[in-house]
Each structure stands twice: as C-alpha cells, then as structure tokens.
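The next part holds the structures, each set out as structure tokens.
Two complexes are shown next, each including chain A; its partner changes from chain B in the first to chain C in the second.
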Partner chain A sequence: MELTNHFPALILAILLGISFLSPILYRWARKASAPALIASLFLALVMAVYLLVQVLQVGEFTYYMGGWPPPWGIEFKVNLLRVYMLLIILAVSLWIMVYALKDLEHELKTEVMGWYYTLYALVVGSMAGMALTNDLFNLFVLMEICAISACAIISIKEDRACLEASFKYLILSAMGTGCFLLGVAMLYMVTGHMNYDLVNAALPEAVELYPNNMFAAAALFIVAFGTKAALFPLHVWLPDAHASAPSPSSAMLSGLVIKIYAFALFIMFYQLFPRSLLESIPLNEIVLWLSSMGIMFGSIFAMVQVDLKKMLAYSSIGQIGYVFLGIGLDDIIAMTGGFYHLLVHAIMKSMLFMCAGIIIYTTGIRQIKQLGGIGQVLPITMIAFTIGSASMIGIPGTGGLISKWYLALGALEIGRPIFVVIILASSLLNAVYYMPIIVNAFMQQEQFQHQVKPVPRKMLIPLIVGMAAIIFFGVFSRPAIVLLDEALALFF
Partner chain B sequence: MEMLIKIAHNYYYMVAILLFIIGMHTMLTHSNLIKKVIAMNIMDTSVFLMFVAIGYTYGGAAPIITAPANEVLYVNPLPGSLMLTGIVVAVSITAYALSLVVKIYRYYGTVDYDEICLIRSQE
Partner chain C sequence: MEDQIVRITSRLVTPFIQVYGIYVILHGHLSPGGGFSGGAIFGASLVLVALSFNLEVGAKQISHATASVLESGGALGFVVTGLVGVAFGANFLANRAAGFPLGEAGELFSAGAIFIITAFLGVKVASTIVTLFYNIIEGEEKSGDAH
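Take a look at the complex of A and B:
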C-alpha cells in the first residue's frame, strides 16, 4: 500500500479538499488562502507528472475507488491520452490562478473571494475527475459538479449581465446533463453496466438486439456534449456567459471547460461505442459538418462584435470546432491535430482573455474601436495579444499552425480536401477580425486618449509565460506530437 | 400491431420519455424563469423514473436479504441507489437556479425573460 498507488484518487481528493478549506482559511487566515490553493494545484500537477512517468513506464493502468473492482466500484483509468488531458487542465488552471490573484481584487467583492477559490477548485477537480473516470454515472456526477461551479464562477460577480448569462448557461447545461443521463439509461437498459469497458464489451451484442436504443443513446450523447462544449447550433449560451464573467473565469471557461466535454465525446465514440456502430450510423459525419459550420459561423459572428471579450468568446466557438473536426475526421493524424489544438487553444485563448482582463483593469475599456494606440501605453500586453492572435490565425512559429497543419494533413489522408478549404478559409476569417485590433493598437499616430493605471507585475508574469509557451509549442512541437501519436494509437 | 403491444407492455418507458419531452420543451420555450426551473425538475424526474423502471422486475421483492440462500426474485437495487445521487444533484441545481432567479428579480423586477430582454434593449 504505497501512497503513489493512490495518486489518481488523491489528485481529486486534494482539489475537493481545498475547495472545502478555502472559505475557512479565508475567514481565519486570509493571507494563507490563496497560497494554499496554488500549492494544492501545484501538488496535483506534480502528481499528474508522476502519473505520466508511470504510464510511460508501465502503460495503461486502472485504479479502483475504495478497492472495489468493477462492476461494483468506480474505476479510474490512467492512460496516455487521459494523462495528457489531466496535465493540460492542471497546468493551465494553475497558470490562470496566478493571474487571477491580482485581477479578482478589482472584479469581486472581498468577502466572496474565499468562495471563488472554492468554486475554482471544484471546477478544476471535477474536470480532472472527468479526464480520469471510467464510469458513466461517475461522469454524470462530475459533469453536474462542473456545471454548477462553472455557472457559479460567472454569477459570483453579481451584476445584471452575469446573472442572466449564468442562468441561461445553467438551463442549457441542465438540458445537456438531462440528455446525457437519458442516454446512459438507454445504455444501462441493454447492457446492465456503467463501467466503460464492460459496456463496450456488452454492446456489440446489444446493437444487434436493440438497435433503436443505441441510436437514441448516440443522438442524446451528441446533443449533451454538443451543448456543453458549444458545438455549433447549440452554442447560444457561450458568448454571453464567457463575455460577462470575470476575466479569470472567462479564461477558465473558454480555455478548459468546453474542451473537457469534447474529450468526453471522444471517449464515448472511440472507447465506449463499438466500431461497428460508428460505421453503421454517420455519427462522424454529423460531428464533422456541425464543427465545420461552427468554425465558419463562429468566425463570422466574431467579426461583427464591438465588445472585445464577446469577440473572443465567439472566436472560441470557431476554435472548439477544430477539436471536433479532429474527432470527426476519424483519422489518427487529424485527431493528433485536434488534440494538439486543444492544448494550444487552451493556452492562447486563456492568454487573450488575460490580455482583455488587463486592458479592462488598467483602462476600463471593453469596446474594440476605442483601443486605437493602446500599444504605446500597454506594450507587453499588446505584444502578448499579437502573439495569441498570430497563433489563432496560424502564423508559422506559433502553436496554432501545427494543429491546423496536422488537421489538414489528416483531411487529405482520408481524401476529404473540402475540410482543408474550410481550415484555410477560417484562418483567413480569423485574420480579418484579429488583425485590425493589432494594427490599430500599434500603428495609430494619435495618442491614446484614456487614463491608464500601471499594470501590476503579478499580471504580466503569467502573460510572459503564456507567450513563451505558445512559441515553444510552435517551434518544439515534436515531443507533444509523438506523445499524442502513441496515446491515440490505443484507440485505433 | 406488434409495435403497439410492445409499447403497451413498456408504457412506463413511454411515460418517462413523454415527461422528458414535456420538460425539455417547456424549459426551452417558456419565457417565465420559474417555469423553466420547474420544467428542469420535470425533465430530471422523468429520467429518474426511467432508471427506476429499468430496475423493476415483475413480481420482484425488495432487495433485502432475509434468510441465507433463499431463491426469491429481487428488484435490481442499483438504479434506485444511483437515482438517489441523481436526486441530490437535481436538488442542488434547483436551489442554485432559484437563487439566481431571486437575484435576477431584484435587478429587473420581473421573472419573465421576454420582459428582461425588453428592459435590456431599452438601456
């Protein structure tokens, strides 16, 4: 009974534990509450790195909650892809939290800060659980925890727009989880299991006997995860929710929360459902065309926005489309691109929201057209914005190019050049709405009109880390791609 | 005809699906926020009904072992216990949604979504 054996459960336990401790710490030892949260996120990250080392040595392994093997107990599965997700979630959330320390001071009332840490730890913990869990009902519970706390980190700001946006988000994500649970009922009805592997083993026979159940379950899962991950026609909640939230919450929601549901859909398609089902009904085609539409329309909607954060939120709808495109193309190279995009977009979108947060913090401006000449007064912030935008467009040297490159290669591999055209067109559209901001910020002759507060150093350091990460993943993409290749090979 | 007999045999599934559709439709189309919350509950409850119906066995007894090795037909206890968790989750979501409605009412003086949109557009 070594402690290291329990790391998959301990990651969750630490994060859920700190979520309970945060308000108490904030009440009695205010100075210690934020460092405690950062320390526990860091500890969880260290454990995740240890899991990665372990997986690289011994391959896939499982962890039984409470020592009960399935079908009785809940099973956590640790393989390369899940650890990859876990590392992204923990590293990016640690990074956002460092930024949030300063930003939250002016966006929230001081008495709710302790509660914010609670909700933050709950969001991260439930996502880490979703990345690891191998049980349908456990996934449902974690989805609900994530949904409530993700809504609450929006509504905690308590202004009118936030409350309304989070109510809309709550209703639509309740619809999503309702659909998911009904889908689980359909599967449970014919297989009698909740564990992914046992369901997967029982399904080929069940598909023969009760095909209608399976079709219903597949449709319900697409609606459920599509709503949660803002797949195109189900994206309506996203722009308001992500734009009105406090900037660290926006970074969290756009960077990580929508991704984990895309990952969950991937697990449903490629681990839970048997291959024969994917071949008999065109699930992949549905996801492909919806994501392509999302890529195009997300960018088109983003072009007409006047509010900076709203523009970034619409851009997320387009970018999550790339991840779904990777899932839908059903080719290992394209999927590598999709999952690489998941990593790169988590970094770049979080960084862009941080830039927006700094602009709002120092000047109070949210409108895009008032940003002319801002590059002279906030140089580092706007350079970070430029690098983030360049990565969104896919300029060489940034991470965004690599993922689009692999997606395009994968589309050519299976003989669907139309998706290459879509990727190229959307890159062009991205340029159309990101470039004017950069050009205006740096090239405008006249002086910047508004008052500018100095930028705190605590906010700039995360930005510099983010810039370095984007360029690192653009130049040294090899290790992550090799890792993803190996990870995805398990699913084919 | 065969289909109808099947449906008649499994009417509880049909009721669950019907409730689910009623809940979902009301939740998405009604403009009253309280009704949306109620509809959310109807939708969740329909799924619980579905699960509990899956676990039922005709003529099954309650799943409590009274004597060793007695061969009685039992009702599957697993869906029931899972749905207890589901109910807890639904209650917490309802509480949170209602607290949001209270706050929205304080800001806008109405719980009707159309009126809220009207107020927002006039600002």
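Take a look at the complex of A and C:
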C-alpha cells in the first residue's frame, strides 16, 4: 500500500505524536520544540491538500483504523466537505501558531510553554479527527480531548479570571458531551451501530418503532453541539472563556473550536439522521430561530462591552449564528453561505484577536475607551483591525459580504425574507460596535497617551497574511463557492 | 507526619501493590484490567510511598521530571506502535496485518500490538498519577499553605 493512502490517519498520528513529543523536546532541546510543532502542522496541511486533490480526482473514500471495516472498526471518511473543514482547521491553526510564537513569550511562564504546544497540537488533532471521523463514539472521544485541552489552553495563564472562566467552560462543555453521549446511547439502543452510515441505514425502521428515542437523541444533539458551539441561549460560557484566555488561545477557540461543533451538528442532521426525520420534526426550524436570536443578541451584548476582547467574544456568538443559520435554513445556497462564513469568520476573528493581542502586548490596554488615537502608533495593526471589522460588517470586497450574500439568497429562495432582514439588521449592529473603535483609532486629534513597545515583526507578518486572505476571499470567492456547492450536493 | 506503623506497613505492602499493578497491566488482554487500571494501581503505590514517608523519599523513587518524561513517552509509544502498522504495509494501528506475532490465545505473550499498547498505557497512566500528585503538592506549596 502506498503511504499516501494513510494520510487520513497520518494527519491525526502526526498531530498527536507532536503533542506528546513537545514536552520532551521542550525539556531536552528547547529551541527545537516550536519549529517542530510548526513543521508538523505544515506537514499535516500538505497532507490535507493532497487529500483534497485525491478527493477531487476519485471522489469520496474511506480509511479503516487497523484495517477493521465497520461495524467493527473506526472508519475515517474523506469527502469534499470534510476536507474543506480539515484545510480550514490546519491552515488557520498553522497561521495562529506563527503569531503565537512571539505572543506566548509574554503571556505564559516559560516552564509551561512546552505544555502549551502539547495542548495546542491536541486541540488541532482532535478537531482534525472530528472533521474526518465517521463513527459516533470516536467523535465523542475526540470531543472530550478537544474540550479538555481547550479548557487547559485557557487556564494555562493561571490568573484568577482564566481559572474561573475555564472552570465554567469545563463544567458546561462536560454537560454538552454528556448530552451527546446520552444521545449516542439512545441511537445505539435502537440501531446497534456506531458508524454514521450504518446508523443512518438502520434509522428509518427504528424511527417507526421507537420514535421517542429519536426525538430525545435529536434534542440532545442540539443541546450538546449548541453548548459546545455557543448557540444562543447556551453561550454563557463563551465570553469569559474567550476573553480571558491568552490571545492565541482566544483566536484558536473563537476561530476554530466553536466551528467544528457546528460542522458536527450539520453532519448529524444531514448524514446521520434520515431525511424523513428532518422533515417530520422541525429540527432545522429550532436551529434557525435560535441562531437568529444569537445573531441579534450577540451583537447587542457586544455593543455594551467595555473590554476589547470581551467585545470580540460576544461578537463570536453572533457570528457563529450565521453558520447555524445556514444549517437552519435547510437550503443548499444558504448552507454554502454558512460554510463560507465558517471559513471567513475563522480568518477574520482570529485576526481580530491577534490585533487585540498586539494591542495588549505593546500597550497593555484592554479597554475600548482608551484606544483613541492608537492608529497613529500601531498603523498596521489597526489597518488589519479595520479590514477584519469591515469583513464582520460585510462591506464589499471582504469575505464577510459573500457569506451574507449567499445566506440572504438562500433565505429568499425558500421564501422567507424575514431572515434577510435579520442579516441586514445584524450587519448594522456589527457596524455599531466595530466602527467607533476604528473611527476613534484613526480620527482622534490628540496624541495617544500611553507607552508603546515596538511591534515584533513575527506578529505583523501573520496579520498581513490575514488581511490578504480576507480580501482574497472577498474578491475571488468563486473557487471556494464552487467547491462548497459540489461538497454540499452530496448531502441533498 | 512521623508514624512508624504507617511507614513499616507501606514499606511492606508497596512491593506487592507494584507487582499486582504490573500483573494487571500485563494481563490486560487476558483478564479484566489493563493499562489504565494497572497503571493507576502502580502509580498509587508510588504516591503511597511519598505520603507515608516524605516528598524527598518519594522523589527518590521517581522524580517529577522523570514522571513527566515517561508520561509523554508512554503516549508517544502508543502512536509509534500505531505507525508500525503503516510502516509494514497495513493500516494505522493494525495488529496482525502489520506482522505483530499474535502468539497463542490465552498465553501471556499474545495479542500482538494490544500487549505492547497496554504496556505503554500502563507506563503513561502510572506516571500521570505521579505527575498529578506532584502538581497538586507544588500547587499547594505555591499558594503558601502547605501541610
């Protein structure tokens, strides 16, 4: 067998391997540990690109762990949508890590740096696994790994706010995984399988016999993934967790971790549940209204924040709402918009958190009020912040517009223009809290009051890459949209 | 804490606990137990020594640094065992297909990769228990109200 056949498993093996190697490297060859992590992330990314090429050539394929086919073994499935997720996860995490190299030095104590790399690789690895796995129990295990390491990359800063926030996150996300496990048990009871495709095949018959099991499982899944992905009423853990974490962790958590659970919910709805179930109970409708409320309330909460990172965190609640809106509208065009937003938001929110990180690094300021005139001293950072914000609002030329455009088109296509109104209103709300920061930063006459350290170049390069990416995906949206169209066609 | 009875008892039982821990680890593929439970038993014996004597004696058995290296090493061993499958032309985590000798079912040295993985898990769990213990102790010392 060719080595390339093993890429789905090797991506996971490399990331888990480097996570266990990092503490050893950090102890014995400190200089090598960060480059080793970057190299592994890069290698995994190269493999993911290869998987994309392979999927485009031969279509969907699977990989059996240990050579055991389902129902015995764990199956990894590679199709366009999964590779799309995988590419986002690996590319964005590599990009954040480059930024993190410099930022972590001042946010963390040196003795825990090796462990940070471990946790970072674990988060990325478990997300990559979640994108690829085709097995419910495997998904559960990966969710646990991801949840615990995500808590740890918040609490690793060891100040009071971080510990409190990560504890809150730990409890709520444990409840989320608990709900998921219960839901899986409900499905396993009536189908006897863990593999998505086998469960899917057995479900139509099981729904007839045990409808309550199915309803309970569906409800539990919405609660589980809703908690994990901060769907509106279950978002309470997110603001503290994402605001108090070290900036690279915030970028990671807001940019990627909440997204993968939205993706998992999509897979549950469209691959696991038979189409008849989605039509008989209004699962999409529930997600639709919850996400709409999230979009509005996330923005409204963000407006009243005084802390920059907290504002960004609340904005994430609104923005993840767009991804769920795509799932809720149950239409392929809207879904394309939702998944495009998943990509764009991963880039822009990570970049905004990087900007916040640079502002904190150079000046120590977290309050929005004190940012007046900062554009004169940190021009590149604030230009990046402006482009990120523009994309959040959905100004033409940025990626944010494209996703909102497709979401609105999808809403119109199924004849529900009310959601176009919601999208428009939320764009205005986004403008209400992003614009003042930019206007204050650049337009204020008086000099910036505070001491400013020079910005390290290692921190600026990722910002420039991010700006380029946002504009690229705003102008050349065609390839990704075509890819998504083809990817999502498999599920309709 | 200076207590002769506790010290002598723990000195007496520690070898037995450790042998039992190793037994549970090595028989993971044959009987209930395995890497996790056996590792926990073995780790507990090391914690017992540190508790009944003092930290220095405990550190002589296994230091915090060694424990954390072993911890990473055990997990790394698992991944490497999985990669052996890929190296020998089978799938990741393959067992017989990768050429691991299966031995005779029911014998101690059987089950191929499972045996090796359980052993690595045992090392990993035992050292994790010790690391957790040291971390808690150090955390208490840092916050200033030790003992």
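In this section, the second predicted complex is superposed on the first by the 492 of 492 C-alpha atoms of A that agree within 3 Å, B and C clash if a C-alpha of one lies under 4 Å from a C-alpha of the other, contacts with A are read in each partner's own complex, and residues count from 1 in each chain.
Keep in mind that, in the parts below, contacts are C-beta pairs under 8 Å (C-beta built on N, C-alpha and C of every residue); 3 or more make two chains touch, one makes a residue touch a chain.
It should be emphasised that the depicted structure is a prediction, and the values quoted were computed from it without experimental measurement.
Student: What does the overlay on chain A give for chain B and chain C, a clash or a fit?
Tutor: Chain B and chain C fit side by side in the superposed model.
Student: Based on the superposed arrangement, let me know which partner A:Y64 touches: chain B (first), chain C (second), both, or neither?
Tutor: second
Student: Where does A:H6 make contact in the superposed view: on chain B (first), on chain C (second), on both, or on neither?
Tutor: A:H6 contacts chain C only, not chain B.
Student: Once the two complexes are aligned on chain A, which partner has more residues of chain A within touching range, chain B or chain C?
Tutor: Result: the larger residue contact count on chain A belongs to B.
Student: By the touch definition at the top of the document, which applies to A:L16: first (chain B), second (chain C), both, or neither?
Tutor: second
Student: Could you tell me if A:L272 is touching chain B, chain C, both of them or neither one (first, second, both, neither)?
Tutor: In the superposition, A:L272 contacts neither chain B nor chain C.
Student: Quick one: is A:I24 in contact with chain B, with chain C, with both, or with neither? Answer first, second, both or neither.
Tutor: Once the two structures are laid over each other on A, A:I24 reaches chain C alone.
Student: Who does A:L163 touch here: chain B (first), chain C (second), both, or neither?
Tutor: The first partner, chain B, only.
Student: What is the contact status of A:M47 with respect to chain B (first) and chain C (second): first, second, both, or neither?
Tutor: In the superposition, A:M47 touches no partner, neither chain B nor chain C.
Student: How far apart, in Å, are the nearest Cα atoms of chain B and chain C after the overlay?
Tutor: Nearest C-alpha pair, chain B versus chain C: 5 Å apart.
Student: What part of chain A is shared between its chain B contacts and its chain C contacts?
Tutor: none
Student: In the complex, go through chain A and note every residue touching chain C.
Tutor: Checking each residue of chain A against chain C gives 1, 3, 6, 9-10, 13, 16-17, 20-24, 27, 63-67, 118.
Student: For the complex, which residues does chain B have touching chain A?
Tutor: Residue positions touching the partner: 20, 23-24, 27-28, 33, 36, 40, 43-44, 47, 50-51, 54, 79, 82, 85-86, 89, 92-93, 96-97, 100-101, 103-104, 107-108, 116, 120.
Student: Which part of chain C faces chain A closely enough to touch in the complex?
Tutor: It is residues 65, 68-69, 71-73, 75-76, 79-80, 82-83, 85-86, 89-95, 97 of chain C that touch chain A.
Student: Going by the contact rule at the top, pick out the chain A residues touching chain B in the complex.
Tutor: Residue positions touching the partner: 137, 140-141, 144, 147-148, 151-152, 155, 158, 160, 163-164, 166-167, 170-171, 174-175, 178, 181-182, 185, 188-189, 194.
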